[in-house]
Amino acid sequence: MKVAVSREEHFNAAHRLFNPAWSDEKNEAVFGKCANPNYHGHNYRLVVTVVGEPNPETGYVIDLKKLSDVIRSHVIRNVDHKNLNLDTPYFRSLNPTAENIAVVFWKILREHVDPKLELTVKLYETDRNFVQYPAP
Amino acid sequence: MKVAVSREEHFNAAHRLFNPAWSDEKNEAVFGKCANPNYHGHNYRLVVTVVGEPNPETGYVIDLKKLSDVIRSHVIRNVDHKNLNLDTPYFRSLNPTAENIAVVFWKILREHVDPKLELTVKLYETDRNFVQYPAP
Amino acid sequence: MKVAVSREEHFNAAHRLFNPAWSDEKNEAVFGKCANPNYHGHNYRLVVTVVGEPNPETGYVIDLKKLSDVIRSHVIRNVDHKNLNLDTPYFRSLNPTAENIAVVFWKILREHVDPKLELTVKLYETDRNFVQYPAP
Amino acid sequence: MKVAVSREEHFNAAHRLFNPAWSDEKNEAVFGKCANPNYHGHNYRLVVTVVGEPNPETGYVIDLKKLSDVIRSHVIRNVDHKNLNLDTPYFRSLNPTAENIAVVFWKILREHVDPKLELTVKLYETDRNFVQYPAP
Amino acid sequence: MKVAVSREEHFNAAHRLFNPAWSDEKNEAVFGKCANPNYHGHNYRLVVTVVGEPNPETGYVIDLKKLSDVIRSHVIRNVDHKNLNLDTPYFRSLNPTAENIAVVFWKILREHVDPKLELTVKLYETDRNFVQYPAP
Amino acid sequence: MKVAVSREEHFNAAHRLFNPAWSDEKNEAVFGKCANPNYHGHNYRLVVTVVGEPNPETGYVIDLKKLSDVIRSHVIRNVDHKNLNLDTPYFRSLNPTAENIAVVFWKILREHVDPKLELTVKLYETDRNFVQYPAP
């Protein structure tokens, strides 16, 4: 009797898409205006879903207040009002596409969520562009 | 060639989170402000999804007008503008967490939707806190 | 060169509509299911707007972080996860309709926002029912 | 390490639900006001999801700008500000229910998206009525 | 102490933009794809706002349930799942632009809302295109 | 018989809040994490409203397609996927707060919208923080 429970958190960050192994011309050709060397930014929406059986005493799969605290302490605090390329350790040599951001966040959160619970991360870069890891 | 079709309905209700086997102190410690004895409330959003093959004559998996009528008659009518703990038979001895509400609603709807169709219930307690049963 | 700046905050509360001068029958006749003696509830959205000239040094009419702190300290803290009728001083003898809630919140906030700034409160009881005070 | 990436596009179209093998009375009985011979219409929202492994050089499963171009060229251009029954080749003899529209769009897009990538189409006829093909 | 109270209702309709005094070429030149002779359509959102003083006995400017009934009986019923050009009396010789629709609805509603209450109509043709009458 | 018509456009940009006349310490004290020297960013939503009488021949106050083109050519193109502080001429010596951005955009648009039409700009920095110029 497994239930999925989800919590949405937000952060605002700058980034640029950029492969340091490539010339500026190639970065511009591949990533277009997303390669702007002076950065652009987004209001990211992050939805974290955990799957498990509700505890019969509490009726909770996980206390969403605690899940929110985990997401804020281990993810949001490190990226909110930051430059993803410059201010975080994650994207020094990894391109901060929505796909890569989602995988990075999933790996961080996996360390802090009970291993008996399945974990999924959904990241909205805009309302119209979003990713999910792992894929459904 | 299975298609999933979904219908969203809304209801407004009061509830409190509370385990009657526990002391008030323990309820307060575990459920925090959600344990308020005088209740609080939500605008719940309920999304019901059924999965099946479209009927070749109608192009419908299910007539969403009829699915809406089923949800309203068997679920919404019993919970809208109600106190989930006091005014419904479901949560006398079951804690009305989003997880438990979703499972209860799924069991009710399962009786009224063609058994050939798979059924999923998604319940938004707020825009940022939501659950799905069965888990994907 | 006046600019209006707005901040949205949320709270979840229970309430019932009820005039203590009336019989139960009259309350039921006038307020329908909103008069349920066991309460129902909402995810309220509160938008507070202040109007003034941006400070030339900061570019702010008001620091929205500070406006958010004022709204949370003086309004949200007193109503979130509360029963508006029972747990707050405001609606002991005043019916907690959206209209009355908006006026009460405006009066509270008016005490804590610089009198040189005009103040407006918009309250969404649901996405489809909302009020504004003062009216535009 | 598969990631799902999604792009949302919009179109506005007229349609009616109608089975030409049936009498007007039967169409009216089955499809109700959706059978109106003079048509009605919707702001459709179309979410296209592809699943695959991010390219290690780009960090993209697929460039969402390119996916957007594919959706616009092969789907949106053919249906936006159109009458789905009269102006498109797809629904001459197929009833334009949300289910059938989603399957038709999936078949079109399947021709234009790398076969190594899984493909899903989600179509919102209204915010409260939506379908997904293939079902999850 | 005037408060504005608002109620949102929805309808789905087909229309085309078209001036019968003009040639097809001119209609196409002015209205572009909106002039499609076979129509297109929208999920319209209609927000009706009334302004007045709350009744001290009820705390209501107007009972939003009654306002909703008025909007549904006198507006929505006449346009939902209809072709605005063909199926309604309003747009036989009047072009159904969002501006004209809003003015027509305002005139209808003005007959059915207490003249002591100010009345405003806001109409969303899409989430990105909307109008208000009278202008603020 | 004046009608207000509105068009919403979007852009994604990086910025920092910063007064060059102040020390880093003072900027940090006043603007907090918004002063991050490496920038952060937002998905801005821009709503432009014009007020006037509908043209009796078209039913339009203004063709929203043309208003959209004006906004895109004269505003969005200059700020989308840009760093507001570094990549635009507007915020070299002006702090890019939402208030200042709105006023700058209003002045640009005022040059390109018929002077007979009133003009208002609403800018959402996030869903919860937004400004309007001129104030209502």
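Chains here go by letter, A, B, C, D, E and F, matching the order in which they are written, and residues are numbered from 1 within each.
Everything below uses one rule, namely that contacts are C-beta pairs under 8 Å (C-beta built on N, C-alpha and C of every residue); 3 or more make two chains touch, one makes a residue touch a chain.
Computed from a predicted structure; not experimentally measured.
Engineer: Farthest chain from chain E, comparing Cα centres?
Structural biologist: In terms of C-alpha centroids, the chain at the greatest distance from chain E is A.
Engineer: Just grab the chain with the largest centre-to-centre distance to chain B, centres being mean Cα coordinates.
Structural biologist: F
Engineer: For chain A and chain F, what's the span in angstrom between their mean Cα positions?
Structural biologist: 28
Engineer: Find the geometric centre of each of chain C and chain D from their Cα atoms only, then give the gap between the two centres in Å, rounded to an integer.
Structural biologist: The computed centroid separation for chain C versus chain D comes out at 41 Å.
Engineer: Residues of chain D that touch two or more other chains: which are they?
Structural biologist: Each of 127, 136 in chain D touches at least two other chains.
Engineer: Which pairs of chains touch each other in this structure?
Structural biologist: The set of touching chain pairs is A-B, A-D, A-F, B-C, B-D, C-E, C-F, D-E, E-F.
Engineer: Could you please specify the touching residues of chain E with respect to chain D in the complex?
Structural biologist: Within the complex, chain E contacts chain D at residues 10, 12-15, 33-34, 36, 38-43, 80-83, 86-87, 126-127.
Engineer: Mind listing the chain F positions that touch chain C in their complex?
Structural biologist: 17, 19, 21, 30-32, 94-100, 102-103, 127-136
Engineer: For the complex, which residues does chain F have touching chain E?
Structural biologist: Touching chain E from chain F are residues 1-9, 51, 54, 57-61, 63-65, 118, 136.
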